[in-house]
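Next up: some structures, all given as structure tokens.
Paired with chain B in one complex and with chain C in the other, chain A is shared by the two complexes that follow.
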Partner chain A sequence: MENTRKERKFNNISETVKKYVTGHVSDVAAYLGLIVCIIVFTVTSDGRLWGNYNLTVLLESVCVYMIVSLGALFVYSMGFMDISVGSQMGVYCLLTILIVNATGSLLLAIAVVLVLTLICGAFNGFVAVWLRLPSIVTSLFLMFIFGGIQLLIMESTGQNSISINYDLSVMLEPWFIVIVIVLVAVMVFYFFNFTKLGKYTRSIGANERATSQCGVNTTKWKVIAYMAFGVSVTIGTFFLLARTGSAGKSTGNSYSMDVMLSLILGGMPLSGGMKSKVRCAIIGSFTYALLSNGLIISGVDINMVYIIKAIAFFIVVAISCREKGVFLPR
Partner chain B sequence: MENQTILVCKNIVKKFGPVNALNGVDFEVRRGEIMGLIGENGSGKSTLTSIMAGMQKATSGSMEYKGKPWSPDTMANAQNEGVCMILQESNTVRGCTVAENIYAGHMDKFTKLGIINIRKMIKSAQQLLDSFGMGRICASDPIDKYSFEDRKMVEIVRALFSDPEILVVDETTTALSFDARELFYGIIRKLADNNKAVIFISHDMEEILTRCTNLTVLRDGNIIGHLTREEMDLPGAPEKIRYMMVGREIGDAYYRNDYDISHGEEVALEFDNVSVGDIKNFDLTIHKGEIIGIGGLSGCGMRLIGRAGFGLEKLSGGEVRRNGKIINSPLTAINNGIGYVSKDRDTEALILSASISNNITLPSLNDLSKYSFIDPRKENAIVKKEVERYLIKCKTPKQKVSTLSGGNKQKVSFAKWTAKDSDVLIMDCPTRGVDIGVKQSMYAFISQMKKDGKAILLISEELSELIGMSDKIIILKDFAVSGQFMRSPDLKETDIIGSMI
Partner chain C sequence: MKKSLKKIVVYVLAVAMCIQMGATLIACGRGGDKIKIGVGLYQDSGPAVTATKNYLNGLAEALNCEFEFVTLSQTSDEENKTTAQSLIAGGCKGLIFTMDGGVTPAILEECKKAGVYLAGYLCDYDVNYETIKNNEYFLGTVVDGSYTGYAWGEHVAERIIAEGHKNIGMIKFPGFAFPHQAEMDQAFREKINEYNATAADADKITLTTTMELMFQPLADNYFQDNPNIDAIFAMCAGVDFVYPTLVKNGKTNIKLYTAGFSTDNDVLNNFGTSGNQCIQELVFSNVEAITYPLVMLVNKITGNEFSDNPTEAQRVDSSQLIITNNTQLDLVKTKSLYCTGNVKDAFLSVDDVKALLAVNGGTHAKLVQAVQSMDIDDLAALNG
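Take a look at the complex of A and B:
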């Protein structure tokens, strides 16, 4: 008697869990991905993953991914993308080094970078709408432009890499990183869930026509979303520079794809829309940073890292894409 | 041979999450019959037929087709076996020719060594179109050249070329004009005469009563009853069927029952010498508390007027004004208190993947936002009020709109504008694909809006609706006004039809 009741209770629970899982496959996949990464790398690295030094390294790399992908949320939730951020960040690093070394003023460099990111954001958003191009095309254009500028700057310095003559070490203090991450996350959470910006970008991603028929000036909000992304790119750039201390021809270039992968690993649909959540950026950047870091400290050949990343990525995508639309026919 | 059973459904259950769309339905399809299927939105008729046609799987239960177990995996699979379904919404592939659309998925016939003989395919498609009396559609034309109605006819041809044993028609006729309907009725009659079976889903009671050989009524996922041809001919049959569908008496209060055409003095919306698309120099003044109906055949330009009134179309001349302000975009329209219920409910009026709550509040976010902050409590309060006002059937307002039935979706698209407290409402076919029960409540809401002093522009393809609801009816024909009628108890559909064709 007691047993059957227990059994029934257990069945009830498993039923609820099953229901939740089928309704939230991509969320569950994202969490599972993170948990599996943690467990696997804890074992394969003999616990080195949790070493003091490694945690600091991990935090440093998570922080850039997370700040940039938090800002990217606004763009990706519209179903748009921006593959120019990587080369943008590279150029911004170089510019900052040149400005700081010449004038000694970090504030000036921050101001210049911020203005540039905002201009690029506005360009991405506005030109895509104006010429009715898919957003990837305008950002492709910017990617090449900035890639070219980066090469030109390095060419003009005549060196392989240039270093900054300014002490940015405070930015690598764990407490400072944590504070900034939390601040950015809270801000993004607020703007994404409690203001027009987030509500409109998600609606645009889900159905642009219906959104504009609700009186939303979609052009304006696209531009604003890209500019919001620009702000996070500025912050991310300085953390990147603090980590590397120097910059060269290819600095930052991988970040365009890193951000996209982080978001996907966090369960974000590339088509944007209502499933876009702040936690996609947070979970995703942890998973992604863990993947890179965990593989290396587990002693995996560095040449194999990309292939393993690709496989892990494929598995997560394959799981989250299995989610079926459960809806009544008309 | 007479009335031989061809498909049997036994105890079909379909669950969508917590919702039971079908509760163990038994259904039989017999040869030589045009079986009507009627029921409110969400009663399960589309679900039942789409399971037969392989669009989705039943949660439990079994089917037998020609004496063998039947469980098609896809619609193409079912079509190859002879079960074919024509859907309510447009289902043609854009950017392709008519011929490619007709033979989509069946191009092997014309393929040799991997190369499609396009000329042969077009010729064969044209023959097919001609044989159904649709010779005016050219098989080599791109499909986008044709109207919604013609595209629907192409879909019908696509369904028929494979010579189906069972044809399911899901509310297709709402999209068709008078002529096309006649053509279509001829086609299904012929199918039945050739000992095939037709399942006919429609909201149009008259159509069902005149065209079907028998009728099945569904309600809340259960079969409520069957009517034979003889029973359908009895006087009082429509009332009986309505009663079966809704489960209660509909009563007389269906349309407005007053003939009070008075309205406020104040002008609410003004079309001043408007030229848009093929419409030239159109004038119209709508006052507070007035319902203006616009009717005509589909393609007569009546939709353009609604779109122009909401600032969706670029005018080539004249202007649309409200309170002296020019309306030239949805944004200016909404800021001046105009709301628009689009005919394209699923693509324009609603965001299907968003929640009921998101949809309802979207136009109002500007008003809710205080120093950038949108208070979720305020949002919830508004949504709660609207869900209660319209009695939207849902578990929670966080539910996705895509999980709602057609009538409830339409309620959400009304609720958007009542939440915004719009003073002018432009409604484009507001009761299209909506069942009687919801229709009745929609009419009650529209009447109430008139009493509250709202101005309403009601664009509709249904004459009875225009006569029943409008203070003044304007009929368009070929993009020009061809008749005006004032509200009166003596106004009949026959009086109006003359100016439509």
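Take a look at the complex of A and C:
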């Protein structure tokens, strides 16, 4: 009798767990990916993963991914994407260096970069709607423009890279990085979950037509979402610049894909919608940075790093695919 | 069926990943008290990379070192800093980098935090040398040939004059990437002008304006713009960027004097008096030049110092193999570490390198002399 009751209780629990897992496959896969990375690299790095120096390094590399990914949530939750962000960041880094070196004013550089990111955000959002183009096409256009500008600036300097004459080292202090990450995460969490911006962007991702028929001006919210992304790009740019103190022809270029990969590794559906969560950016950024860092400190052959990353990425995508029988739905 | 197949694919990949991780577990982190040195090269494959890896791995046991190889980005400072940080976090006590850039001071900051030392290999650290030469964590660098390009420029001019070429095409990489090619260009022109000053009109040599290649192959219309050239002095890597265009346009009658080298048969079989006889001169640096940063790092990490240790980090020239005829090419093909990848063919044996360490009575002067005694005559002498 007692045994049957226990059995029933156990069955109930396992049924609940099973239901939760079935309903949250992508979340479980994302958490699992992070946990597996932590366990595997703790062992393979002989504990170096947890060394003070490595934790600082990890924090430094996570911060840019996370800040930009958090902003990108607004865009990706609509099922849109922006592949111009890397080139944009490269140009903003160069502009900041040129402005600061010429005027000594970091504030002026921040203001210029912020205005430019907002303009580009508005452009990306508005033109995509106005010309009825897929968002990737307008961002592709911006990517080429900014890529060209980056090359022109570097050609005009006659150097491979240029350095900033301003001490940004405070931005690399762990306490500063943590404060900024927490602030950005809290603000994004608030705007994403408790304001119209987050609700409308997710509902655009879920069903744009239905959202529009409910009286929501989708064009307006798309533009605002891209502009919100622009703000996080501005913050990310300054952390990126603080890391190296210099910028060159391909500074930032990899971030377009890195941000996308971070979000996907965090369980973000590429189609956007209601399953988009702030934690996708947070978990994904950690997993992505950990993958790169952990493989190298574990002494994995550099030629294998890309292959392992690709396998890990494929597994997460395959597991977190939320529609039966289809990879990367919609 | 379809669903099962997908599941199988996912599980197989997961298992593959676990196996790789397992292999890593076995392979990594078992260095004991060995000195771990991270080596950042600007290429991920090719004969130079293979030879460098073989050479260092051949020295590893004798020097109680282990090496971790990574590929640096030629354009992204941020990637290079991340790579340096990961190497340091992975337990490297020293770094040998083939790349400078705006990020070097930031990398040295990381070195300072972790007590790690940095030295350069086939890189002149031109961007930052003045600011970092007194940095305690920068131990100097060995240059890709000579720091200034004058010597080779003069040498090629002398050959061009001797061979009797009259119309010379001049090609180099942009100054922002290779500033010292301007010196090569200048030395070459001065030597030719000197010759022209006394030569009869019919014997005078004309030079084209120096064209800058933006790391793209020479354009086909180059030969329409310069129809009379009979030789090209390519200060850039002409084997990769000029020779293919000559072949494509049927212009292999134009003689090519170029920096760079290739183990590609198409190049080796058309050198000097062989094949189409287009390529007349090749030049490249020796892999063994890495001995300089390696010895400097091992000395520092083991707490030893040369009696004549320089007070500031040095930028040391290294010998290059300048190949001007088929005999020399054959020698390089069969007896140089670069081509054979065999440590036994190295200019410096394991014992030679050990003897250069401060702890074994080596001096900085001897180390410099060692990396500057590796030219084609030295190779010939070494092989009887």
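Please note the rule applied: the second predicted complex is superposed on the first by the 313 of 330 C-alpha atoms of A that agree within 3 Å, B and C clash if a C-alpha of one lies under 4 Å from a C-alpha of the other, contacts with A are read in each partner's own complex, and residues count from 1 in each chain.
The working rule: contacts are C-beta pairs under 8 Å (C-beta built on N, C-alpha and C of every residue); 3 or more make two chains touch, one makes a residue touch a chain.
All values derive from a computational prediction rather than experimental measurement.
After the chain A overlay, clash or fit between chain B and chain C?
fit
Looking at A:251, would you say it contacts chain B, chain C, both, or neither? Reply first, second, both or neither.
A:251: touches chain C, not chain B.
Determine, under the contact definition given at the top, whether A:315 touches first (chain B), second (chain C), both, or neither.
second
Where does A:54 make contact in the superposed view: on chain B (first), on chain C (second), on both, or on neither?
After superposing on A, A:54 lies in contact with chain C but is clear of chain B.
Between the C-alpha centres of chain B and chain C, what angle is opened at the C-alpha centre of chain A, expressed to the nearest 10°?
Approximately 140 degrees at the chain A centre.
Chain B or chain C: which reaches more residues on chain A?
C
Check whether A:274 is in contact with chain B, with chain C, with both or with neither, and answer first, second, both or neither.
It touches chain B, and chain C stays clear.
After superposition on the shared chain, which partner residues are touched by A:196: those of chain B (first), chain C (second), both, or neither?
A:196 sits against chain B, while chain C stays out of touch.
What is the contact status of A:14 with respect to chain B (first) and chain C (second): first, second, both, or neither?
Neither: A:14 stays clear of chain B and chain C.
Considering only touches as defined above, state whether A:165 meets chain B (first), chain C (second), both or neither.
In the superposition, A:165 touches no partner, neither chain B nor chain C.
What's the minimum Cα gap, in whole angstrom, linking chain B and chain C in the superposed view?
Value for chain B versus chain C, nearest C-alpha atoms: 9 Å.
Please identify the positions on chain A that touch both chain B and chain C, taking each partner from its own complex.
Common interface on chain A, chain B vs chain C: 325.
Which stretch or stretches of chain C touch chain A in the complex?
2-3, 6, 9-10, 13-14, 16-17, 20-21, 24-25, 27-29, 44, 68-71, 73, 75-79, 81-83, 85-91, 101-103, 105-106, 109, 113-114, 127, 175-177
Would you pull the chain B residues touching chain A in the complex into a rising list?
Chain B reaches chain A through residues 16-17, 19, 21, 41-42, 46-47, 50, 55-56, 88-89, 310, 312, 330-331, 333-335, 340, 342, 346-355, 358, 362-363, 365-366, 369, 372-376, 400, 402-406, 416, 433.
Would you tell me which residues of chain A are touching chain C in their complex?
Touching chain C from chain A are residues 40, 43-46, 48, 51, 53-54, 57, 60-61, 154-155, 157-163, 169, 240, 243-254, 292-293, 295-304, 308, 311-312, 314-315, 318-319, 324-325.
How about chain A: which of its residues touch chain B in the complex?
Its residues touching chain B are 19, 23, 191, 194-196, 199-200, 202-203, 206-207, 209-217, 273-275, 325-330.
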